[in-house]
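In this document, chain identifiers A, B, C and D correspond to the written order of the chains, with residue numbering beginning at 1 in each.
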Amino acid sequence: MIEFLMPSLGADMEDGTLIEWKKRTGDSVKRGDIIAEVETQKGLIEIEVFDEGIIEKLLIEEGTKVPVGTVLALIDPIEVSLETKKEKPIELHPIQEKTTEGITQEAEREIHIKASPLAKKMAEDHHIALFQIKGSGFDGAITKEDVEHVIAQRDVIDKEKTVIETEKTVASSEAIRAAIAAAMSKSNREIPHYYLEKKIDLTKALTWLQEANEQRKVQSRLLPVVLFIKAIAKTLLDFPDLNAIWDNGLKPKKDINIGFVVALHNGGIMVPAIHQADLKTVDEIMQTLNDIIPRARAMKLRSSELSDGTITLTSMGDGGADAVFGVIYPPQVAIIGFGSISEQPFAENGMLGVRSVVNATLAGDHRATDGLTGSQFLNLLARNLQKPESL
Amino acid sequence: MNEDEIKKNIFQLLKKIAPDTEPSVLKPDENIRETLGIDSFDALQFIIALNEKLGIEIPEKDYGKTNTLSDLLSYIMNKIK
Amino acid sequence: MLQSDIKTVQINEKKGLLLLYQMLLIRRFEEKAAEQYSKAKIRGFLHLYIGEEAVAVGVIQALNDDDNVLATYREHGHALARGIDADVIMAEMYGKLEGCSRGRGGSMHLFDISKNFFGGNAIVCGHLPIAVGMALASKKQKKTNITCCFFGEGAAAEGEFHEALNLAALWKVPVLFVCENNLYAMGTALKYSHAMTDIEKKGTTYGIESAAVDGMDLRAVIEAANKAVKKVRSEEKPYLLVCNTYRFRAHSMFDAELYREKTEVDEWKKRDPIPQYQQFLLQKGWISESEIELMEQKIEHKIQMAVDFAEAGTWEPLEQLTKFIYSEK
Amino acid sequence: MENPVMNTTLTYREALKQGIREALQNDKDVFLMGEDVGRYGGAFAVSKGLLQEFGEERIMDVPLSESGFVGAGIGAALAGMKPIVEVMTVNFSLLAMDQIVNNAATLQHMSGGQLHVPLVIRMGCGISKQLGAQHSHSWEPFYAHIPGLVVLSAGTHEDARGMLRLALLSPDPVVLFEYTGMLNLEKEVAVDSDILDISKAKVLKKGKDITIITYGIGVYKCLDAAAELATVGIDAEVIDLRVLRPLDEFTFLASVAKTHRAIIVEDAWRSVSVSSEVSARIMEKTFYDLDAPVLRLCGIEVPIPYPAHLEEAAVPQIQDIVNAVKKMIHHD
């Protein structure tokens, strides 16, 4: 049976209204016959048929509007004409506009210091924070000259081996201190925290890590914290309520963006987010750390990176306290803390031994979840860390 | 590459990853990381820098032998020979 | 392509059949193009030559191989009459690399320098000055080839029509201006675009010999074309030949033909050049009904081969996007 | 080869005429076609005497039909000739823009590489002495926008004499801008100096503090400005773009990377001009070398007024260039 389709008469024609059938069921048609009239935005156009046969059935009533490519009628080919091969017409789907949900462009809150690109590059190369330099260029912009001036000044100071006490750096750490104080006190005021702790055996994880690092160049060597981040991300897949925000009601988040607490050299912290940690491999997470930690310390983070975390991890690294109970970052509903890895006595099915162990803690917002959820999370986290190869 | 040159390189690299500290004041047997407040992330950057600058590789199992300035120096000296 | 020498050659049997074959090939090719367009295999604009076949076939048979031909965007018929193969034309309309312009031009820009066919030009009348320039070059190079350019009566209202005819007459260069007067410039009838509707009369203002001929009668077109080409070639001067003809189809595929009556179309269809010429051949006994049927099947097969060739064609690789902007050294 | 460089002084007009004469002598397929190029001797007397020397066949006067004779030039080029079409001034070239853009620049592409258009179109351009808005346009940016065209700007006497010969060797259409405002200007030119290419920009004066980029009528203005800046200790580098399409960005990017500052000077209107393109490329490719924003000194966006004091104010002058550079460098 041959399908007679609504033809496309122009690249911009998307549909047509069948006004009148010129042939009825049972009529015979041959190549070039007018079979119907169709209304288009250009006016009424006669539609011709290119096949021979008897009209089996008219599928569309007069007056209906159909998209190009719709089957209008069925034609029974009486005898197969020379044209044996029937190419399949390409289905025409009209182009929908690609709608991108509005990306709310958050106002850049960074204080913008005017400096020429060259000056910025030189300052960065010499680890000089821009707010330490007085600009002499167009309306106060920092130029190459100004940077060179500071470098020269610092070399002089270096020689005298005195520690520079410029009040500007103090001011900045005060500013950071004030910001942290505000966030923490808001968190304690509004969020009823519950706290949980879990001791986790890291023997398998650390041996896997050592073997993994032996196969890697030193440049891409992995740190233990990478496994913690990956394990948290994997565990959160089963605990959506912990990967959420509280906005007079619990609102789970689709992406798993783990805020990573970075300690600044002269005090204070920054918490950039590792986006979609669940989708990243351990190597990609390590690369993300290599990017965000130095940028955090040089205060080069974009405000967007600081504001879309869905949960936070604070890790003591080695040589720190055994356990750390975090303060939740509003509007998040949980914070996970990893103490320092240390050799500890560890009992397992009755046997006592010395193992590399870490204390993992979870502080949860009791408005959003209960202790049971938190402890189940920590148990699964511990189990996931026993199978490092599958992280 | 004699000892002084290696020491100069070490101070330079330490200065790079901990700009607000004074590596040159380190005593030979002081623990480098504790004195300069270097965390595990910075330590890894230091080891990477050593590899790129001096071409030597410190595997994880040797971390223990490089805690102080003198340990680090002797470790590097016999690695370079 | 039969070589027509200087003296006007009467149509002999062999040539007569070839001319029928060419007209039928054009008609069936254009019908297939319409079909492929409605299946979205051909996109953009498509202008069909159905009804005007006698003009392209009648004029181009009078030209030599080294004469230059320039046509408009309704040029499938001229390209086929000039000897460009149906499959590279169909492939070009598909936009395939194997097309006669590598898929770059499409239906409105068919080119083949091996046939001295200088396009498909889509700016109305834009190619007339070019034709004059090519004829100027022939004169300077002391060559005997001429340049023939086709255009519609709509083009005759463009400023460049005046400039080109004046330059051609002024410089006495061998260019044949062929105006295909099909009564409609898209949706504007002749009387709405010209104060003087006898287009051939416009030649006299430049001292250019002009003539008008019934574009639906192939033999009349042949006689007029042979005479015009002879004059242009031997006396090395321009000539304006107006062929009064009619297009049976819309201006292009997306045209509701609001500007003309169905009855007028049916009137002109009674003087369809192909059946008219078939009658002449049948009376002359040069062809029989069954031989015509055989020719139709041969043409249908050739056109299906052209479609297969186009279907099997390849898309030009993206890396070649910036080729042909400047000549590679 | 230390033979002494023999200099002669000649006007920009003579330099142009020498170029045309050489081209006609070198190749019999070359012929000149344009309004009043023959009997009248050229609207600006550039082709005076050529009709007597080369005859009507090769020095062709044409009727006032810009689209017609530019189209004819394209046709003749397609058929194997090497025409030089003179459009008296760029002001009248708009009538032929369809032929230049839709035919000359596009035929090779549309024909899938079969057709080539070895045509040179010469156009007088820019401000002369108080000719009013319709005779004083600077439309190099119009043509520099069209892929398929080679666009040259003869800002020096060497280029006025040498560019035509090389342009005629190009298999692609060339638009050559000549500057009517400079016709009577005399300069010293080495007798046998010949230009090497029509593809690169040229550093006319080396310098380290700032890069001055210009073309056409701007070249001598910028050289004079650079000379004055030298007296106040500013060492400016001056670059003549020479080729507006395809643009040779390598030369000016290398210079900006060295001097860290750039100022672009042209008579054309400021918006969507050659300086807009050059400035965009500097931002895109030498962003981290910039110590100050790129500065542009262009034509004020007004039709060129007739009175002298307004005409002068409508385009950048030497003193404007000097002041702008000083402000950028000293900015105190």
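Some observations on this one:
The rule is simple: a contact is a pair of C-beta atoms (placed from the backbone, for glycine too) under 8 Å apart; a residue touches a chain by one contact, two chains touch by 3 or more.
Not measured: the values here are computed from a predicted model.
Taken together, chain B and chain C share the touching chains A. Pairwise, the chains sharing the most contacting C-beta pairs are C-D. A separation of 36 Å divides the Cα centre of chain A from that of chain B. In whole angstrom, the spacing between the mean C-alpha positions of chain A and chain D is 52. Distance between chain centres (mean CA atoms), chain B to chain D: 62 Å. Averaging C-alpha coordinates per chain places the centre of chain C 42 Å away from that of chain D.
Within chain D, no positions touching two or more other chains are listed.
Residues of chain A in contact with at least two other chains: none.
Here, these are the chain pairs in contact: A-B, A-C, A-D, C-D.
Considering their complex, residues 116-119, 121, 137-138, 143-144 of chain A touch chain D. Across the complex, chain C meets chain D through its residues 68, 99-105, 109, 111-113, 118-121, 123, 126-138, 140-141, 147, 159-160, 162-164, 166-167, 170, 323-327. The residues of chain A lying in touch with chain C in their complex are 7-11, 13, 31-32, 40, 42-45, 48, 50, 68, 82-83, 85, 87, 89-90, 92. Listed in rising order, the residues of chain D touching chain A in the complex are 260, 287-293, 331. Only residues 16, 18-22, 33-34, 37, 39-41, 44-45, 47-48, 51-52, 57-61 of chain B touch chain A when the two sit together in their complex.
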